Amino acid sequence: METDPRLYVTLPGLPMKNPVMPASGCFAFGREYAELFDLEELGAVAIKGTTGEARIGNPTPRVAETPSGMLNAIGLQNPGAQAVRDEELPFLANYDVPVLANVSGSTPEEYVVVVQTLNDAPNVGAFELNISCPNVKEGGIQFGTDPDAAAALTEAVKRVSTKPVYVKLSPNVTDVTAIARAVEAAGANGLTLINTLLGMRIDAGTGKPVLANEKGGLSGPAVKPIALRMIHDVRQGTKLPIIGMGGVQSAEDVIEFLVAGADVVAVGTANFSNPFVCPTIIRELPEWLDKLDVAHIGALRWQGEKI
Amino acid sequence: MKNESLTVVENKTIAAKTHEMTLSGPLVDAIDQPGTFLHVAVPGEDLVLRRPISIAAVNQGAGTCAIVYKEEGDGTERLARCRAGDQLEVLGPLGNQGFPVEEPLPGDDVLLIGGGVGVPPLYFATCELVKRGVSVSVILGFQTAAAVFYARAFNELPGCDVHVMTDDGSNGRAGTVIDALNERPYAPDWLFSCGPRGMLRAIETNAADSKTHGYVSLEERMGCGIGACFACVCETNDGASYRKICRDGPVFAFKEVVL
Amino acid sequence: METDPRLYVTLPGLPMKNPVMPASGCFAFGREYAELFDLEELGAVAIKGTTGEARIGNPTPRVAETPSGMLNAIGLQNPGAQAVRDEELPFLANYDVPVLANVSGSTPEEYVVVVQTLNDAPNVGAFELNISCPNVKEGGIQFGTDPDAAAALTEAVKRVSTKPVYVKLSPNVTDVTAIARAVEAAGANGLTLINTLLGMRIDAGTGKPVLANEKGGLSGPAVKPIALRMIHDVRQGTKLPIIGMGGVQSAEDVIEFLVAGADVVAVGTANFSNPFVCPTIIRELPEWLDKLDVAHIGALRWQGEKI
Amino acid sequence: MKNESLTVVENKTIAAKTHEMTLSGPLVDAIDQPGTFLHVAVPGEDLVLRRPISIAAVNQGAGTCAIVYKEEGDGTERLARCRAGDQLEVLGPLGNQGFPVEEPLPGDDVLLIGGGVGVPPLYFATCELVKRGVSVSVILGFQTAAAVFYARAFNELPGCDVHVMTDDGSNGRAGTVIDALNERPYAPDWLFSCGPRGMLRAIETNAADSKTHGYVSLEERMGCGIGACFACVCETNDGASYRKICRDGPVFAFKEVVL
C-alpha cells in the first residue's frame, strides 16, 4: 500500500505511517489479524496488556453487549512478560511497524519487571502503562485514580525504561486532567486515553449479571463523547502527545479525535465489529484530508474559541 | 477465513422461534469442516458484536450454506427479520478444530448427540460422514414437539438412524438425550456432540471409562471470533493452560478442556 | 387504566402506582405530554430543574446525537421557583400524581430559596437536589463531586424542607459511593442516580464542537451499563431508596435497574425517541412480573453472591 | 398531534442527495397548516433522536403527505434507503404556528422565498394560497442546477410566478434569492420564507422599514419536538423572553425572535 505523506506522524518512540493503531487488548499480539491483512498497513500496534507472570484471567462470560458498546472483563489474561518477549514480539518483528507495549501489574515492582523484560525488544518503540484496567482487583486501577500513585509509578518505570513511556488514563475519575498533570510532571512522554468505563449488565430473565465478574469495562461507540471530552480537557493542560481512543470506528471518528486534541488514535472494539476496520480507516483518511483541505493531519487541531 | 457480504437466499421458520437461513457468496467455497462457524454481523449499528452461528449445511454446487438459529435476543431477532436479497457481513469459516468426520471408518459405531440449537453442526457432520459411507446413529433432544427441527432431514440421509427425544414426550420419546444414551448397550467408537454445557458434561462423564473417541462443540460469548480478545477461553483439563473456543475449537476432544 | 397492585411502591414522599416516572428535564412541567396521555398513568413526575430566579439557558445548538445517546447543554433554562410554584405546579395538581421537584442552584442559599418557595405546594411530594448538572458553570456540579460540599448542601436544605429530600448524584466522579454515604449521613431521604456524563461531539466537517456550549451531558441507552454499575455499587452501601435512571427505554430495562438496586426508575431521553414510552413501559411491566413469577416488583433485587 | 406508524408509499430522488417521500396513514387527516412539521423516527436503535422534517404537500383525498429531505447525515441517509411498504414512526403534525396562508387576500402582493431544503414548506403554503385564489411570486434559491427541485411543480400551480436563482447560474439566473428580492421595485404585502438562517436574516433586514407582513420558518436541533426539553429555544427580539421553535413556531413573524 502506498502511504500518503500527509498521514505520517512521529510520536516519541513511534514513527507512524499513519495515525491509526489497534488498541491494546483488541489485537492480542497481531498473529490473528496478520492472517487478514498486512500489519505494515498500520501506524503502530499496541499489544495486549502484559504482566510479570502469566495470568489466567477471569471466569467466563467475559464479554457482554450493551447499546452501541460492550463490556469486557477479560482480566488481563496474558502469557507473562518473558513469553511475550520470546514468543510474541519476534512475530511482530517480521513487520515494519512499531510496537506499543502495554504494561500492567499489581505493584509498581511488577510494572518495573515487565518494562525491564521488554526493554531490549528491538521492535518495542514505547511502553504504555495501563494504570486503569477496571477488570482485576489488582490491575492497576488504584494507580489510575490517584495522582500521587500515578506519578510515583510513572517515575519508577521511567527510571528503568530505555524507551519513551506513555501513561494510559482511566476515565473513571472526577478529574482526568489532574492525573495527566501528575504523570507529566513525573516524566511521562505521552498520554493515552481513554481506557474503559466501569459498567454492568443484568440479564433481566435470570436476574443476574451477564458477566461472571459482574462488572466490566465499557468500550465502543457509546463512550465516544466521553473520550472526546476527556481528550479535549487533557489537551488544554498538556503539551504531551495524546493517543486518543474510545469508540473510534471510522475515518470521520479519527478526524473528530484529532480535532479534539489527539495526535493519533487507537481502535479497539471496532476490530470486533469489523476485523478490517483499521486498514479501511487508513485508506479513507486521505479523502477526508482532501475534503477538509489540510496539508497534514497535524493541522486538524481545533483551537477552541473558549480556551 | 474471509470477511464478505453474503446474500440471504432464503430465511424460513423451521420450528418455534427457530429459523434456517440460506446464504450465498464466494466465502462458501472455503467451508470444508463441520463444527466450524460463521461470525455474523447483525443489521443495526447499535449491536457492535457479531453473532457466532454454526454452519448447518453446505452445498458447494449451489454455492450456498445454511445456518439454523434460535431467536434468543436482539441479534437473532433481527436475523429473523432478514429477507431474501438482504446482505449480511460474515466472517468465516471460523474455528480450526471441527468434528473429525474424516476419521471414523465405515463399520465404526458412530453416535451423534445434539440438543436444541446444538443440532445444526451435527447435521453438517452427518452429511459428511454418510458421504464417506459411514453409518451413524443420531440422538436429537428438544424441549417439546414445537421445537423439533431437522429430524426428517437426518432421516433422509442414507444410513442414518434417528432418535428424537422431547422433555414432554410430545414428539419422539419422552426423556433426555442422556436417557437415550444410557439405553445403548455399549459405548460407541465415536461420539460427536453439541448442545447445552450441562448436557455435554453428562455425556463426557457417561463415556468416562470407555474407548469412545468423543468430541464436543462448545459455545461461549465472543468478541473477535478469531482468537485476539481472550473472551472465549476455557481451561484445559490439566488446569495448566487454556484454549480459545473460537480459534482452538470450537470442537474439543473429551477431556481436552473443562466442561 | 387499571393499576396492577404488584407495581405499587411507596417511597418517602412519593406514593407511586408504579415504579416509573419521567426524569427531570425531559418532561418540562408535564403540559406537553398531558396532551398525549393521562399523566395519572405515571408513578410520579420529576419536573424540570428549578432555580431561584428564571434562567435563560445556554446558546443553541443545545443537543447533539451520539451513538445510542445524546448530549444536552440546555443550561437549566426554567422560569424560576416562584413561577414554577404559581404557574406550573397548579397544572400538575390537576392530576393525581406526586411531583418530585428538581432543585438547582449556584449557591446553597439558592437551593434553600427554591425549597422554601416550593415547600407548600401540596402536590410536591419530595425534592430532588440536582448537585450534578454539568451544563452550567454554576449549576451545582461542584456540590456533586465533593462529599463535604454535598453533605453541607444536603444539611442546609434539610433544615428548611418540609418534604423528603433526594439527592441526585453525578456519575462524573471517582467514587460515587463516597458522595452517597456523605449525603446519607447528612440526612438525605433518598438518592437518585445517574445524572448525565460529561461529553463532547465534534463536527468533523467543520472541525468544531456540535454544541454551542462545547460540552454537554451524555444520556440515553449508551450510559445504561454505567448507571447499572453505579446503582449496584451505591446499593451495597446504603439503605436509602434509590431512584435509578440512565438509558431506560423498556420494561426489560426497568427490571435490570430494579435488580441492580433501584427502587423505582426514571426515564429521560427515551421520551424523545418515543413520547409514549412511559405508559408503554408501565403497561408491559406486569407481563414481566408474570414471566419472572414475582409477587411484587420489590422482590426483584439481586442479592449478589459476592457482596 | 399523533404518534403513528406511517407507510412509505414512495421514496424517490428528485435532486442531488434530495428525496421526496410520500407517506400514508390516518395522521395525515390532522395536517392542515403549511409550516408544520413531522418528527420522524429514523430506522435504527442507535439514533435516539427523531428528525424534524417539514410537510411539503398533503393530499387529503389520497390520505398521503409528502416530505422532501436532503441527505445530511446518518438519519437522512437512512431515510433515503427506505423502500415503499416500510413503516416509519412519525409524531405530528407539530408546531402551533405555521404560515398564515388564510390571511392574504386575492390581489395582495404575496412573495415566497425558499432556499434549498427550505423550499418544501413553501410549496405546501403556495398550494393553499392558490387554492384561495391568491397569486404568488416565488423565488427559489439553490446552489447549482443539480440541487434544483420543485421548480416545475410551482410553475404548474395556477397564478404562481416562479424565479429560480442558482449561485453559479447553472439553472435560472445567477445570484442569490436576496439579489432577486432587491430587484423588486416595491416591498410585497406578504413575505413567507424558509431557508438558511443567514438568508432569513438578510430578508428580514431588507424588509425592515416596509409594510410587509413577513414570516420566517426556523430550524434548530431538537430533542422532544413538542416543547418539553428546551432544546430549540430562540430569544424574542425584546430580549426578555424566548420561544420554542418546535411548539411556538416553527414560523415566526418578522421581529418576533432574534434571527
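Here the chain labels run A, B, C and D in written order, and each chain numbers its own residues starting at 1.
The rule is simple: a contact is a pair of C-beta atoms (placed from the backbone, for glycine too) under 8 Å apart; a residue touches a chain by one contact, two chains touch by 3 or more.
In this text the structure is predicted, and so the values were computed from the model without any measurement.
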{"item": "For chain A and chain B, chains touching each", "value": "C, D"}
{"item": "Chain whose Cα centroid lies at the greatest distance from that of chain C", "value": "B"}
{"item": "Euclidean distance of C-alpha centroids - chain A vs chain C, Å", "value": "34"}
{"item": "Mean-CA-position distance for chain C and chain B (Å)", "value": "46"}
{"item": "Computed distance of Cα centres, chain D from chain B, in Å", "value": "56"}
{"item": "Residue numbers of chain C (touch at least two other chains)", "value": "67-69, 220-221"}
{"item": "Multi-partner residues of chain D (each touching 2 or more other chains)", "value": "45-46"}
{"item": "Category of the chain touch graph - line, ring, star, complete, other", "value": "complete"}
{"item": "Footprint of chain A on chain B - complex, ascending", "value": "1, 3, 41, 45-50, 74-75, 89, 91, 220-235, 242, 247"}
{"item": "Contact set on chain B toward chain C in their complex", "value": "45-46"}
{"item": "Residues of chain A touching chain D in the complex", "value": "67-68, 221"}
{"item": "Complex contacts: residues of chain A adjacent to chain C", "value": "66-69, 71, 145, 172-174, 197-202, 204-205, 207-209, 214-215, 218, 220-226, 228-229, 232, 247, 252-253, 255-256, 259-260, 288, 291-292, 300, 302, 304, 306"}
{"item": "Residues on chain A engaged by chain B in the complex (per definition of touch)", "value": "25-28, 31-33, 35-36, 48, 56-57, 60-65, 67-70, 72, 74, 77, 220-221, 269-276"}
